[in-house]
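In the two complexes that follow, subunit A is the common piece, with subunit B as its partner first and subunit C second.
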Partner chain A sequence: MNLSKRKLLTIGILSFHLVSFSQEPKTNAPNISGNMEATVQYLNPDTLIGAVQPPSKALINAYMNVFYRQAGFKAGMRVESYSPAILGYPDNFDGTGIGMRYVGYENDFVDVTIGNFYEQFGAGLIFRAYEDRSLGFDNAMDGMRLILRPIKGVALKGVYGRNRYKFSEGRVINSSGIVRGADIDFHLNEILPFMKDKKLDITIAGSLVSKYQADNRDDLVLPENVGAYGGRIKARYGRFYSDFEYVMKDNDPSADNNYNYNSGHAALINLGYSQKGLGILVSAKSVDNFSFRSDRDESLQNVLINFLPPMNKTHTYNLVASLYPYQTQPVGEMAYQAEVLYTFQKGTRVGGKYGTTVNGNFSTAYAPVRHTSNFTTPDSNRVYYQTNLFDKADLLYWRDINFNITKKFSPKFNVVLSYFNLSINNDITKITNDAKGIIYSDVAVAEFGYKINKKHSIRAEIQSLTTKKDKGDWATMLIEYNVSPNFFFSIIDQYNYGNPIEALQVHYLIGVFGYIHETSRFTLSYGKQRAGLFCVGGVCRFVPASNGLTINFTHSF
Partner chain B sequence: MKKLVFVLSIGLLSFCGFSQESELLSGKSVPSVKLKDMDGKEVNTADFGFDGPVIISFWATWCSPCKRELNTIHDLYTDWQEETGVNLIAVSVDDEKTKNSVPVYVNGKGWEYLVLMDPNGDFKRAMGVNNVPHTFLLDKSGKIVYAHNNYAPGDEDKLYAELLKLKDQN
Partner chain C sequence: MKTSLKILVSILTLVTCFSFNSCDKVKNPYPPKSIGELDESLYPGNFDDYAFPVFTANANADRNVLIEDYTGHKCIYCPAAADTGHYIANDFKDRVFVSTIHTGPTGIESFQTFNTEPFIYNFTNEIGLNIGRYIKDLPSSGFSGNPKGSVSRVAYENNVALGSNKWRAAANALLVSNDLKVNLQSVINYFPATKGAFIHIEAEILDPVLNANNLGLVVAFMEDSIVKPQKFPLGSPYPSDINYDYVHRDLLKLHLNGGLTGTSIGSKSPSNGKYYFNYSFKIESPYSADNSHFLIYVLDKNTGEIYHVIKDHAQ
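Up next is the complex of A and B:
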């Protein structure tokens, strides 16, 4: 190669021009994006805390999404791999293969997808297809979705297909039932000329979802097509806003409701007020017999068509979040919530130099009243009771009263103090085998943040949980050292000092190291992890105790 | 000589291929997803309608580092806007369980950001976001020029330095 530098330069410039030229038609340029995650575990046996070593010793979860878009055309897929799946992950994830794929086209008027899609109608009370990979939840639809936007302010959605049941030997197995639905949404202020720029802002919407599953019983005459329908109104007037949603379901005998022929309902009400420095929210929910699956014989989190949001705060501190979390009871519950957040402005006595924020939250859930007097047993119709809207019984399922105060003392130092009072009915929402009835617990948390210099900072948490039941008292200490923007290191010690069995008064110690480079994140953790519930959005999975190494890598592109 | 031309053309091809690849990685635009703001008004993520650079920050009411990041930027936001003309879009990935607490938190904290709701994770998925907080910086033509997944105190300085780089380019 006796090529002169000059020639090289010319070629370099030429090719540079070529590249910049090919970029010019921006709107039609192809766009590829995606993300991936891999989690590898190597586990040791630890009989004391009940951690088992799987036969393969190591476990892996991995997936990658790739999305392609060009001039309105879109296509995407996800390859998943579980060989075998990590500890506590649902057992219906196994093998390596394509977990999702779709093609579609989209412009301002039409948006069509064939293949897999995720979608939600309203609050999801009658339809929600979604995924949470960390949780092992995926009820993706496989079929067709059409969204039309004929005029500004109107959106019409139609869905038809089967939802994902499991991933077995690298192949997706869909539910045996078919789901189809439609939703129409009118934002009146964009549609009606006289509503334009009015202070009162109104959205009205309605949906209809129906499922089909063949009658598979000889002893019962099962409805093969089950319909659910409802409507919602969202209204805003200045600083006030309100949301109402009400849905009904025809009789839907299933394993969840012991094959009764009752119809079901779910209702949600949210009332809010907010201005700069103050936010208030009051919510209420009424649910009866509203488990909705595309396969009536399924259980757990399988083939759910809808999502019933729990009405309580999602906590972040680990003793509060993973020991006694609450999940909605689809068979029936009446729930209420209130939340206030107030910021004392800078320069006031309480606010100090930087402002101080206080937050209070209350949530509770009760059993519904079941009126049985008009129903004779055995009833040939298999309709056994009646439950009215917001008809609350005295049996407590859940209560959470919590407060926190956030104060910045200087640009370098801030403190968050929190208190939680939790009550959970372990007979109804089973979270532990070591207690009966209602478990009452008090949790206090102090969190400190200190910025050493422009790049280095320390964060510490001290948590205390006290309870007379279950595994007794717990304390957690966390120290995290951050070097912005690339590194962190933390040590967490969870100490079950109040366990009634002395041998189980164990320190669960974990060290975590993390490296972040732009959109890549690598974490390595080693130590003991207690058994607990891992929850996202009110859906939880139980993660057994473990002892070992976990490596996690995520990347976006 | 024929051999040289052959080698050269291969070299040229691979050079083009390579530079196009890096172009794909850094200069991507934002996919179009129709989200609603806190008032229920629809916003197309491919066109936010701002003139200057844009920061997109994915967050949730249950995510402490997300709130630390957005509260830190909140204290600096007026200066950043004056200096660079930036607008921040805070995309909440709260689902129906906690979605209603979003306006309580946003207004209670006095944030001036445009807040968009992504309750079913459609935009999160399209942007390849694994976990929150995840922050993107877009130049004024809407191309992604920087992204970071995490928040530690001090990360805002790095973000601001990237913002200033955009200003220098103008």
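Up next is the complex of A and C:
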């Protein structure tokens, strides 16, 4: 299964779970729901692409979630198994055991959970406990969560516990640090009588999160309690909406910031307009020194307390999504994004008989400016610089300019044409060992869909990526045949025809067969997968090259 | 529940939640020099004037060896073993050092008891007894009784604790291979007025395979010599086979910096690849600066092997 497919599948599973959870009836009848997924790989060695056969040859990831609810009582657990984990999965997933469990109670006023829980304050800038199983990310809290809704329009959340650090020999090992947080949210239109039924809809909120970790250094006086705090405001007026969030963090010396004692900040602005046929979104993000972990000595994606949303479009086409993805830089970045979606109506010259949708997106990220002139003796306090809000330097981290046109020519035939111009700074967000500096690439994609009859349809993609750096030019072809609602078959060939080393001009060919029955889905794929970064929401992990069989099974109940 | 009560509960909860959240703003990230490192009161003057030493490049390229002599004042064959250690140290001056530890395999045994005349002086101490038990519990121990000794705690002919007849060969083997994995140098500033010693140490990991978190730095305070009774074998020239004027040498008294493994090297962040440690110690009666020294060594916390040792004096 290719990466984008796996991502879509995961989103699908999570969506199903969220939907099924939210639709549970509030009756006294017991309700059991859940879902499971198993992925088995049998891998072959392939020296040409650098694929290694693990000693066990076969690898497996499996988990099942079970949720129980009755008359306000709730309980849930997840059993996980990694024996050993599939290729490229973080090595802190190992063994079989209970990875998540909780009990709780909920009514209109109180919602209490003891055990594991996932939660988010605002956009997650200050606190987000979540999981992404496709990515191998899980920073579930283990402790207590309390949500109170004293009156309509007011919600108070309190969290206390430790992050999940790793799953070792079937046991969850939590972070050494403790995370405490509170968030209060006021929806003014529900609280203030004079705001009721007003066109202007406002929500204001504030959060405070702190972590405790014992000072473990002899040579530094480390802050054992590190606090972060901030506020946000959301406003909607007719077709306009805006969303501002600003958070600050006190001195938080860590491995990420080379143990400096600077404070940090993160700010997020989203402005939007939407009407039928037109959507406009402008976003900006300013981040400096805002890596926030419950263990100051950890790295990679371990024990993160917060989440910095990506300021770039999430691409789905294979070459765009997985060759040069951008990874959020928590140490500092100034990022901007603008997107316009316009649909030419049916019957117009451009819209034709069925309408034409045009989408343009631009995103970019730069290094922040770090003012050092007033810090003549930084060694005395380890405060090395000052960074102002949205103060960007000239050093480019990332730029993405992309357009696509979706046109339906007949009830049976549609075409999507896309173009992407990507620039990524490989010195900052390391993608490859085969290039230095900024990698520029152009990607063009043509996607065709043809509905043969009510049950049968075919979809094809032709993708081309050209670049003068790294491994040179690539082309991808995909053909997918669907027999609704039960079967699909696809063949994907990624061809690195422009690799400067002729022997490495390899076809990465994968065949996929899928079977869907009600809430069960079975896919079998066989072929070569190139090495690359797999990213979800700006969080990435490296997946080594592989050659072999992958079987995936999911089921929801 | 009434709305007013819900609001009250929520406010109380909110206050509680926010009170859990605190933050420590640290204005001076460096610990004061006198706390946890040097005792300012041992400096005869204004401590702000104290000049920390600046280490020059460490020219040493040799691995030194530590012979730990597990002994007892009622152990009749121990004097001969002590002589063996002493001779080896003399033959390899500045390369081989001796630490005499009064302990049996389980701690205090019949050779170390001090409850009957004339053997009433207590040579034992907590750290020495712990070392004895630690050596006994090693997989290749060989520590069955006194006298025995270890040579940098490296197994020789399958045992860590060796009879004194094998100490020279074991020490020779280490000196010949001369595999210096960690280098050390020290500066000790001694102030007679206060009897305070400031011990400054520089450690450098030369073997990239070694992890600083697995290495312990030990600073041992040693008494040069003391005259006390010692039991000798039958037929010795001493009355009742007791030498009342026996010179006990190189006696381990305590570790300045904690237990068996001392201070973790990884507890400090390196500066140019080197780790710096500072300790202060008051050499109080019955000890004196001119009858004591310090042994400073780095060991592997997992295996116990002593990678390097140096000797320094507070004078």
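One rule holds in what follows: the second predicted complex is superposed on the first by the 529 of 557 C-alpha atoms of A that agree within 3 Å, B and C clash if a C-alpha of one lies under 4 Å from a C-alpha of the other, contacts with A are read in each partner's own complex, and residues count from 1 in each chain.
Everything that follows uses one rule, which is that contacts are C-beta pairs under 8 Å (C-beta built on N, C-alpha and C of every residue); 3 or more make two chains touch, one makes a residue touch a chain.
All values reported here derive from a predicted model rather than from experimental measurement.
Q: Looking at the combined model built on subunit A, do subunit B and subunit C fit side by side or clash?
A: With subunit A as the common anchor, subunit B and subunit C both fit in the superposed model.
Q: When the two structures are overlaid on chain A, which partner does A:A182 contact: first (subunit B), second (subunit C), both, or neither?
A: second
Q: Looking at A:L208 after the superposition, I want to know if it touches subunit B, subunit C, both of them or none. Which is it: first, second, both, neither?
A: The second partner, subunit C, only.
Q: Once chain A of both complexes is superposed, is A:V221 in touch with subunit B (first), subunit C (second), both, or neither?
A: second
Q: If you count the residues of subunit A that each partner touches, which comes out higher, subunit B or subunit C?
A: Tallying touched residues of subunit A, the top partner is B.
Q: With the two structures laid over each other on chain A, which partner does A:Y160 touch: subunit B (first), subunit C (second), both, or neither?
A: Touch partner of A:Y160: subunit C, not subunit B.
Q: For A:N381, select first, second, both or neither according to whether it touches subunit B, subunit C, the two together, or no partner.
A: second
Q: Should A:P150 be classified as contacting the first partner (subunit B), the second (subunit C), both, or neither?
A: After superposition on chain A, A:P150 lies in contact with subunit C alone.
Q: Answer with first, second, both or neither: which of subunit B and subunit C does A:P253 touch in the superposed model?
A: The second partner, subunit C, only.
Q: Of all C-alpha distances between subunit B and subunit C after superposition, which is the least, in Å?
A: 19
Q: Between subunit B and subunit C, which residues of subunit A are contacted by each of them?
A: The answer is that subunit A has no such residue.
Q: Residue numbers of subunit A touching subunit B in their complex, please.
A: Where subunit A meets subunit B, its residues are 1, 3, 11-12, 14-16, 18-19, 22-23, 26, 29, 31-35, 37, 65, 67, 69, 106, 118-120, 123-124, 128, 130-131, 134, 155, 187, 190, 201, 203, 234, 236, 241, 243, 270, 272, 274-281, 283, 307, 309-316, 339-343, 354, 357, 359, 449, 451, 454-457, 482-485, 488, 514, 516, 518-521, 537-538, 554-557.
Q: In their complex, what parts of subunit B are in touch with subunit A?
A: Residues of subunit B touching subunit A: 4, 7-8, 11-12, 15-16, 19-20, 23-25, 27-29, 31-32, 34, 39-42, 61-64, 68, 75, 95-98, 100-101, 103-110, 119-122, 125-131, 134, 141, 146-150, 152-155, 157-158.
Q: Taking the complex as given, what residues does subunit C use to touch subunit A?
A: Answer in residue numbers: 1, 3, 6-7, 9-10, 13-14, 16-18, 20-31, 36-37, 263, 267-269.
Q: Mind pulling up the subunit A residues that touch subunit C in the complex?
A: 109, 146, 148, 150-151, 154, 156, 158, 160, 180-182, 184, 208-210, 216-227, 229, 250-251, 253, 259, 261, 380-382
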